[in-house]
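Order as written gives the chain letters A, B, C, D and E; numbering starts at 1 within each chain.
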Amino acid sequence: MVTRAARKVAGLVATLLATSFVIFGAAYAAPGDPVTFLAGGKENLTPEYLAAIRAQYHLDDPFLVQYLRWLGDAVTGDLGRSLKYSDQVADLLAARVPTTLGLVAYAAVLFVVFGVALGALAAVRGGRTDAAVVAGTTFATSVPPFVVATGLISLFGVQLGWFPVGGGGSLWHLTLPAITLALGALAIISRVTRQAMVEQRELDHVTVARASGLSERLIVVRHVLRGALGPIVTMCGLVTAGLLAGTVTVESAFQLSGVGTLLVGAINTHDFPVTQAVLLLMVTAYIAVTTLVELAQPLIDPRARSGA
Amino acid sequence: MTVVATLPSARRPLGFQLAAALLVLVVAGAVLAPVVAPYAPDAVDFAATLSPLSPEHLLGADQSGRDLLSRILYGARTSLIGPLALLAIASVLGVALGTLAAWWRGWVDAFVSRVTDVMYAFPGLLFVVLVVAVFGNGITTAVVALGLAYTPTIAKYTRAIAITECAKPYIDAYRVQGMSGLRICVRHLVPNMARSIVGYLVVLFGEGLMSLATLSFLGFGAQPPSSDWGLMVKEGQAAMVQGAFLPVLVPGAAIALVVVSFNVIGVRLADRLAARRP
Amino acid sequence: MLLDVKGLTIEAGGGRPILRDVALSVARGEVVGLVGESGSGKSTIARAVLRLLPQNAAARGEVLVEGADVLTMDAAALRSLRASQVAMIYQDPRSSLNPVRRIGDFLTERMVHTLGRTRKEARVRALELLAAVGMREPELRMRQYPHELSGGMLQRVVIAAALAAEPALLLADEATSALDVTTQADTLALLRAIQAERELGMLFITHDLHLAAAYCDRIYVLYAGTVVESRPAEALFADPRHPYTAGLLACTPELGDPRPIRPIPGRPPSLDDAFDGCPFAPRCAMAGTACEERRPVPVAVAGGVAACHLIEEGAPAC
Amino acid sequence: ATTKAPDVAKLTLVDSTPKATGALEKATWLLGEEPGTLDLDGDGGTPNRTITSNVCERLMQTQPDMTIKPWLAEKADQVDPTTLVFTIRKGVTFHDGSPLTADDVVWSLQRHAGDGMNESDEFEDVAAVTKEGDDQVKVTFKKANALFIQAMAGDAGIVLNKKVVERLGKDYGTPGHPDACSGPYELGEWRSGTEITIDRHEGYWNKDVKPLTKAVTFRWADDSAMVNSLTTGAADGAYLAETGPAVALAGNPAVSVAYGPTTRVFVLLPTDRGVLKDPRIRRALSLAVDRAGIAKSGFAGLARPWKVPVGAGAWSYERQTFQSAYDRLEGAPDAPDVEAAKKLVQEAGSPRTPIVIASDGDQARSVIANAVVDAATKIGLKAEIKTIPSSEYGTFYTDKAKRAQVDLVPDDWYITKSDPVGFYDNALSGSSNNWVGFSSPEYDALVAKALETTDAAARAGHVIELQRRFTADMVWISLVEVPSTVVLGGKVTGPPASMTYFGYPWAADLGAKG
Amino acid sequence: MLTVERLRKTYPGAVAADDVSFTLPSGGSLGLVGESGSGKTTVARMLVGLVAPDSGTITVDGRARGPRERGRAARLRRAREIQMVFQDPYVSLDPRLTAAECLQAVLRLHGRDRSHAAALLDRVGLGSREATARPHQLSGGQRQRLAIARALAVEPSVVVLDEAVAALDVSIQAQILDLLAEVRRESGVALLFVSHDLAVVRHLCEDTLVLHRGKVVESGPVARVLEEPEHPYTRLLLASVPKPGWDPAQVAVIRNGMPSTS
């Protein structure tokens, strides 16, 4: 168990290193001198300015040394200075992370609660309910978030005026974005729940439980849902991790000032220090969440505790 | 990430037929755009600015008075070829990598898995975003980058089914007959996985279409004056302020309908596959 | 009669019913064998006793347990029947247990929720039962998960669970087929001991004719959803009356008897194969025109019944 | 249903909204986007300027009627054509309480003039900035420049607290750091990504100015969010750069929309890269492009076809003369003259190289770009659109390589100086904005002469001649004029409607309705 | 003639085969019996080269079989030495190929004329209707017939059958057993028959080999081994087979009297 966790964490670190290397190395993949790339579309490139960039990125050192420096700086919280905002990247992030986290958390609550409930309902009720849930969720996964966002804004924001449009901070502000973000996820979770429960329900041990006279409610909760928990939790974790990236679209569509909009802005302004930092942050969060989910598996499935 | 959930086989195939019909219509529209589109996709007609549904403009017109129906028809080309190209890239690489990993196992598998893990660690569109950040915006960059981003997904999927498939004695039988590994993989293993992979690709197609549209919406993908659907939504947003919803609604609905159709078909294919497996 | 199945017909789409007009009975303290090839409907009969019917199936006839018809009883009665009158043991013990729950939970859950025992009582009783089925270290077993136990041990757990409610009727559906021959012998010995001690009625389902002969008092032979012959075990073996029974015996290799086997031609019918006459007629070497056209009715033969036109003609009912 | 577009011809342009009388605890003002920095030497974007105009002050100040008057400078004396002396007002204090000195002025002007600074081009003719005694600063010029004084009302004239800026170094202008200015408002909290608040500076040196609003909070939103926030009362006002929201808001009783004079005109800037090097092609395009259509589609009717590159807001003198000269101008008709244009194209040898038009995908620019493609196609030319991210659009003015990728750049152009002369130097031979390589010694001489001419009528004559020459060669192709627009929520009033909000402390006029 | 000497294979945590030696004469038939996990499948797979032994040698007609052959010719030659029929006919056939195609693929690979396919199908009792059917259209018995035909297609010296009848119904099992006996009689191929069913081995094989926990505990002519077993484990196995008058409780008694082997 402990060695398992240790190995997982080691794998996590290795993946993180590799991804950070990709993020860092990307600047070198760009055609031309990295310094011009890193300077972005900035006007009036003075020699001092270029020198400053060279210094910030230690461009005169060997590549690997540069990378390690950059990584060291990043680990200690020094993510450089934004080219667009003259501000420290770390400060920019710090100001925006709460919005993004709030959004993801809100969406996660929504999709877990409603996704599992809908999926369970479909699996248990079957028939029309099932068909309706399946059709609804198939549709929900098929409408791109930015279209959903546009629709929600125009309906609930503009036409009905129930929700504020733009701005941020309060839970109220985050509601429409969170719904948008949660919608696709909700569909996935409800399908996984439904699928897992249907599969569980067909297993012999459920029949055995039924044949022993247990009530249907007990069978659904104790056996079907319990057995389906593994895939459900795994998927919830993966989807939550994926939501981090989903915020890019949703925040842009709702004009929320979070990490996602920062990223889009940074790319459009060739603000590479910010791009790097946001990517690093999102990837780290993603890997952390997925690793956590994997580590949680043995808690759900005793079979995962022993063995490889 | 994608989940292919299977649905009860007792479902009426009506949805499936509708979806197939819609797709046929869209593909035909894309191919025949020059013939059937009432206007050129870029034809500006200021007299028709933000025209509502009308006989002249069946689906209305955008801010520049460009006919939305014509733009949708022409846009279907980019919007369909884009995902097709990216899936072509992703499936060639992914199937090769996945099969390789499943067949040779050992360090080859470990290596391939590590590489795909790193790619996987870039959630959603982030890898594409990185590539776009470095190589600049544009549909080609977006397609290639998305192709690479989808590679690990397909590789993982292929690896999983290849491992199940390799465990089946008929593969052993080929080996016992003296067939070379390469030949077994290329001639027998891959063809036998083809159904599953194609079913998966159908669902991925919808997703790819959506991803590309999202990129265009964010300004990273197709660039004006292309009539890519995602871009049309982006451009149409300005019209919403003026109370005109068609420029957003029409391309938004087009994306949603096509993706729904692919999902309906994909899910049904997955169903059929699941039913076939003993 | 403990279990009395009368005219049971179960249809679930397909070319023919899964079961047609099945009559079967089990008395208290009796071990009744049910043999037949795959798909002949053995499990369906057992499941029907608990009213676990295939989806979209229509059942006709009567399944009487202690005189009460299972097919028509209300939900509460059904739950109580399942909880305390009839217990079932399945082929694969590993899949009969919820892999994510402890052995202890498996055993106590039903006692707490169906028999209304307290947790404590249930635990004590579970330990007793584990000891009764010959498990060492019952305390430890209670804490373990199914994957930590071998197949033989799991089947004992399943048997223990079946005994929890002191049922009168035990349905053993291929209860030992997944086990090794030596483990199978152990498990069968245990089942036999328990059955004898508690005077249980047992419906013992197997596809192994020799096992049925060695283990059961009475045997029903099933073919394509119909009972073709039902006789006391010894009689059935010594003098099979139905050509199918005879064919089965002739084609099963026997350890002590190196005579060449004689295969039955053709293959067991699937659900899609419909018959106007005797379902075995297409594979029967002696089939005549009557066999093709008319469904044979069961006729009395020594110790039981057999459903064959040839018997009708050759030996009128006695 | 589309909101009915207002008819521009019937709009009344006002300098200011009705005067405010009531005090206001707090107002929320909307911007198009978050400012990157409040150090205008680094970046002088619209949101940056809109905020900073209330916080930082200049040597001169533009008034709502677009005239300028001395401000931090008590007076400005043109000692001789190449010497200008500013007398610094006494008693001015920065927000940290320290007095504003001649040293700060010299230091500030030198900072603005520095390499890579945003306003450095205003100082091209400046030879030196020196301190003359305790309260005087002398600017000497390489050659006469009558517009420098105008520039001192803009960002180039901002006086910064040397001590503070030097202390903050790179952090000056970023969130979490104070301003270094003397205006009626001081920078309060800047919550990165969320909002910026400016607070009334209670120790403001000028006791004649009494701001009614205690604090102004700035948020940023795109068009639709802006419209919604204003109609629901979540925000109190905004200066609109886009006309779409203005149209949506014009009919809404919850808000008032005021239009003010402007110098802002949408133009096409040609480059010398391809076929547009030929003036005939430029003239042909000008003839063929559908200005009325652009005004309608790109600006929802809140714009009017315009023949010259400067808006009527610059006609602060000799208005009638300018108007009749404007009316006589040809070559930029409201409705396309395709036949004449075709002829010109044929004369030019019907070139086949496609014209590449830049756009960033925003409504106005893309409508213009599409209209140009349409016009070009109609007159036998080829054209295509190349999209550039909005944020990179500005680099066309600085980056030759970027310019080399396109033939036409649609953009809006305004001058902060309310005299058309301030514009026409853009077509001087060798001017950095003269991309197409227009070169005419007579034109250059005329610009110089106009710059030195003080008599209004005479100067107007020079300007009209410059205007004729400029449009004859279509150095730039003018398209439409767009009025300055301010939207106010139901409770507030006061700020100017004209374009002065880039340099005039407009928030000081903002208050509750009487 | 197949000779196996001191074959050994270990997996982490399990010795699957240990010191397994036997010979199978040309045209002979050997039954490999034992309980689940005794190493029967492991031995079978080592013989055909699907599992590499840790040590030991396998010789066919005097030629040693290496663990992995490089090169096409060597691979094909190996294939002609030993072929295999797998337990579950539902997954041991390529679902994409019809019965005829399945055989033609093998024939082509081995450079034999594709026209042999029809004869082979006929040989195992499949007709022209079955020839054009894909596996999912065939019954279990038909599939196993096809699998046998596929093994025979390369004309091997030895065919290894791993529980080849275990998944079939009794009536079908009998047909397949008959077929195997007939094939051996007619083509002279040697059979290595792996099974846990003693009665079936007794019926089909001349010699037998009893495996227990990877080790050979007893071997010899089938009649001798099954009628006069020497090893207690063999006796236990025999006692466990139900027969008239059988008392399962006796088996436990025998087991308790058995020396522990591990």
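Just a few scattered comments:
Please note the rule applied: contacts are C-beta pairs under 8 Å (C-beta built on N, C-alpha and C of every residue); 3 or more make two chains touch, one makes a residue touch a chain.
It should be emphasised that the depicted structure is a prediction, and the values quoted were computed from it without experimental measurement.
Listed by label, the chains that touch chain A and also chain E are B, C.
When the partners of chain B are compared with those of chain D, the chains appearing in both lists are A. Among the other chains, D has the CA centre that is most remote from the centre of chain C.
Here the CA centre of chain A is 42 Å from the CA centre of chain D. Our note on geometry: chain B versus chain C, Cα centroid distance of 52 Å, whole angstroms. Chain centres here are Cα means. That of chain A falls 21 Å from that of chain B. The distance from the centre of chain C to the centre of chain E, each centre being the mean of the chain's C-alpha atoms, comes to 32 Å. Multi-chain contact residues of chain C, defined as those touching 2 or more other chains: none present. Chain E has no residue in contact with two or more other chains.
Counting only residues that touch two or more partner chains, chain B has 219, 234, 237, 240. Contact between chains, using the touch rule, shows up for A-B, A-C, A-D, B-D, B-E, C-E. Listing the residues of chain D that touch chain B in their complex gives 1-3, 222-224, 227, 242, 244-245, 247-248, 290, 292-294, 296-298, 300, 359, 361-363, 366-367, 369-371, 373-374, 384-387, 389. Across the complex, chain D meets chain A through its residues 34, 36-37, 39, 42, 115-116, 170-171, 173-176, 191-194, 219-222, 224-229, 232, 234, 389-392, 394-395, 398-399.
The part of chain A that touches chain C in the complex is made up of residues 203-215, 218, 222-223, 226-227, 229-230, 300-303, 306. Residue ranges on chain B touching chain A, taken from their complex, read 1, 3, 5-8, 11, 15, 114, 117-118, 121-126, 129-135, 206, 210, 213-214, 217-220, 230, 233-234, 237, 240, 245, 248, 252, 255-256, 259-260, 262-264, 267.
By the touch criterion given at the top, residues 41, 43-44, 46, 49, 81, 84-88, 91-92, 94-96, 99, 153-154, 157-158, 161, 164-169, 255, 257-258, 261-262, 265, 268-270 of chain A touch chain D in their complex.
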